[in-house]
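Take a look at the structure below.
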Amino acid sequence: MPTVKNWQLGRDMAYPYDARYPERQFAFVFNINRCIACQSCTMACKSTWTFSKGQEHMWWANVETKPYGGYPRWWDVKILEQLETANPGAQVWGGTPGDGRLAPYGTFEGQTIFEAAARALSPDSARVLGYLPTDEEWNSPNIYEDNPVGKRGVRNALDDTGVQLPVHKTWFFYLARICNHCSYPACLAACPRKAIYKRPEDGIVLLDQSECRGYRKCVEACPYKKTMYRGNTRTSEKCIACYPRVEGTDPESNGEPMETRCMEACIGQIRMQGLVTIAEDGTWAEDRYNPLYFLVHVAKVALPLYPQFGTQPNGYYIPPRWVPRPYLRQMFGPGVDLAIENSISPSRELLAVLQLFRRSNRIIFRYEIEEGPKIYEGSLHGRKVELYNDTVIAFGKDGRELFRTTVEEPVHVRSNAHANSI
Amino acid sequence: MSYHDPEPEDPQELVGVELPGDEAVTREMAATFADEFAQLGLTRIQILSLYRRAEYTGAHQAWRLLGEDEIARIVDESLAVYGRFVWVVTDGPEEVAGSVAQPLRLVRRGS
Amino acid sequence: MTQPTYAPDLVEEAVLLAEPTAPAASAQAFRRERDRIYEIVDDDAREASFRSLHLRWFARLGLHRVIDQVAHQRVDVADRVNVSRVVRALTRQDEGADLVDEATLDAASPTPTLVLRLCPSTLLRPDALCTLLHNELTHVADMLDPAFGYERRLPASEDGPSADNILRDRYRVLWDTTIDGRLTRVGLAGPTERTARWREFASAFAMLGEGCESAFEEWFNRTDPTHAGLVAFALTPPQLANAGKPGRCPLCRFPVASLDARDGGVSPATEAVIRAAHPAWRIELGLCSQCLDLYEARQPSCA
């Protein structure tokens, strides 16, 4: 099997095809700390792309309640378990997270789904370790995950109040997911008909419906379970990253690259999507003032989801602060501690970049900060906070200014007792 | 009518699963939401209603466990920093041939 | 009963699931043929080709065999139903057999239709399928047997839904016990089923105490159970007949047939945990098994 460079793992890795990199890569950052599971993203996607007959169970975008929820149910637990069985006790990271773009999280010493398959599966049965979810696993996207079910004997209803259940002392968070448009897609690697391809211009991974013959190898292989089989057309389908919007060919976009529907609809304003420039070796080319580059490589607050699977996913997450660290390290790799530290007390630049989230539905290619005077100094959660009246300006593809965000001091600070009086 | 052993794949079987967590975790989650939404420029009443509404299970659970007063204290703590200011977003001028650029100002208020 | 008809979606999914275990040459032949059907432009013609291909392979892979065998053995059901349909169940919980009354369509022949709901993956597990079918068909045979006197509804309780649930549970356990008893005697069920039923019986009828085992034996060995007999026993097992209405657990206030009676009773540590939550509670008042489990679990670990 050829080898390719996987910078998220800090090493070369076996992959069934030779490396070929797009010019730019579709990528996104989700700030989990803000997601309230309103499911607006889920519905925006569903009402745009998967509202037809045969797509009833399909949710290309979904939000699940972790740790016990999942769509399909237990997708991550199942693949983690398969990997653990293939390589017991050795799915570990080595080295230390560093500053470089090549091994920012250290080195993954375990096996990816491609490497484990090469060892554990007979050669032609599969190139990727995976499994086919059952009907019932696809059945309940975020249903029953954090609402008590209806009264006994009442079908298809959730309990409004759940008054009879005790309040549990527990932790959970919402994980919003779409296809990661991976750099080394498992779906693509597994397709016996080469019906899946990665676009050279933006790295979006598409599944050619006219070539698909419903082998479902992609469904089996994608570790994130983001390709889905449609029974009435007998082909698989997957998230298309709203490519007409990203291209700027959607009538609404006026020729300017636009973010996807799920990003645009986000009520919690947790989402930012963009296109990052890819260097010849497949790493992110330095692009210091691209907001995604800043969040992933400079501020290091956004981390890939389960990088150890080996597909080099292009979805990045600002991890939730309150969740036990071992769980987060398993999910986002060894970069978690630094990411949380940096996001609890955001730097001056990070605070400015966070203001770019959801202020526009155009893709931001570059930002600029015009520094202003310090306007506040104090402390929060035992950490020092300084605020500046900086202006952050967002630019679109052709360098046009999309918007600017700045801070204005209020006339006065209201007392708590009358905080909302005018 | 059929009989079955408990079915691990039945979503209803999951109801009542308790995971280890404690007040510190809940407090941290509540403080995170408060910081994030204060940074976004939501008002005190908007942030508080997020906790009060049962639909937002995470925030609401914190509200039920810690109580309104404690949540209000947590929210005020974040607002004391991020709520002092008004974030102003100004759209860049539209490039429409022949028209004069009219920047649109969207004001997001702090507390 | 005529040959069962199979729902196309069940057939297709079962064939697709079975394909990886088929010999490589036949799997390839199947795929070649299936791939070609995608090229058919006319929707109806394409759909028809897919269906007939899957049905052929369903037969070729022998996926109908167990159902045919069991149907053949079960003359007690076969003679009394009209046609049977096998459809796809979405979850394992949904699997089972039902009688659909289609008498209104043809008043002259009020023979019901048998509907089997199965998950595609169950068709690939012959042993499990055989056990499931015999069990389900015995339920159906009882329902069709005038001597059994089946009624769709159980008597409603005045004690609300939880008492209804208790009754439904007990009725189900009893019926299953007699069914597995009958199946065991004709060699269609074995010790595994017996043990499973005994466990269910012991928990549903824990109030019988020492008499529980002999009651289980009696029901397991019964050859001619009736609906009315099952309901009567489920409503008031003998030991309770004199004790009046079932009581409530003093802690959770749920109606229960009996309080916990397990050996060893409540340990002092558990008692302390209960007293912390319910200061007025005394050990003589007893508690239900669910509460005992709960408070035992809440004990601070002293290991």
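By written order: A, B and C. Residues from 1 in each chain.
Here, a residue touches a chain if its C-beta (ideal position, glycine included) is under 8 Å from a C-beta of that chain, and two chains touch if they have at least 3 such contacts.
A quick note: this is a predicted structure, and the numbers were derived from the prediction, not measured.
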Can you name the chain that lies farthest from subunit B, using the mean of each chain's Cα atoms as its centre? C
Going by C-alpha centres, which chain is most central here? A
In whole angstrom, the CA-centroid distance of subunit A from subunit B equals 19
Distance from the CA centroid of subunit A to that of subunit C, rounded to the nearest Å? 41
I'd like to verify one number: the distance from the centre of subunit B to the centre of subunit C, where each centre is the average of its C-alpha atoms, in whole angstrom. 44
Among all residues of subunit B, those touching at least two other chains are 9-10
Where subunit C touches two or more other chains at once, the residues are 91-92
Would you give the residues of subunit A that are in contact with at least 2 other chains, written as numbers and ranges? 134, 136, 139
Which residues of subunit B touch subunit A once you look at their complex with the stated criterion? 9-12, 14-23, 25-26, 28-29, 31-33, 35-37, 39-40, 43-45, 50, 54-59, 61, 64-65, 76-82, 84-93, 95, 110-111
Sort out for me which residues of subunit C touch subunit A in the complex. 9, 12, 16, 20, 31, 34-35, 38, 50, 90-92, 119, 121, 161, 165
Quick check: in the complex, which residue numbers of subunit A touch subunit C? 125, 134-136, 139, 151-153, 213-216, 231, 234
Spell out the part of subunit A that touches subunit B in their complex, as residue ranges. 31, 33-34, 36-38, 65, 67-68, 73, 134, 136-137, 139-140, 143-149, 160-161, 165, 167-174, 269, 320-324, 351, 354-355, 359-360, 375-376, 378, 380-381, 385, 387, 400-410, 413-414, 416, 419-420
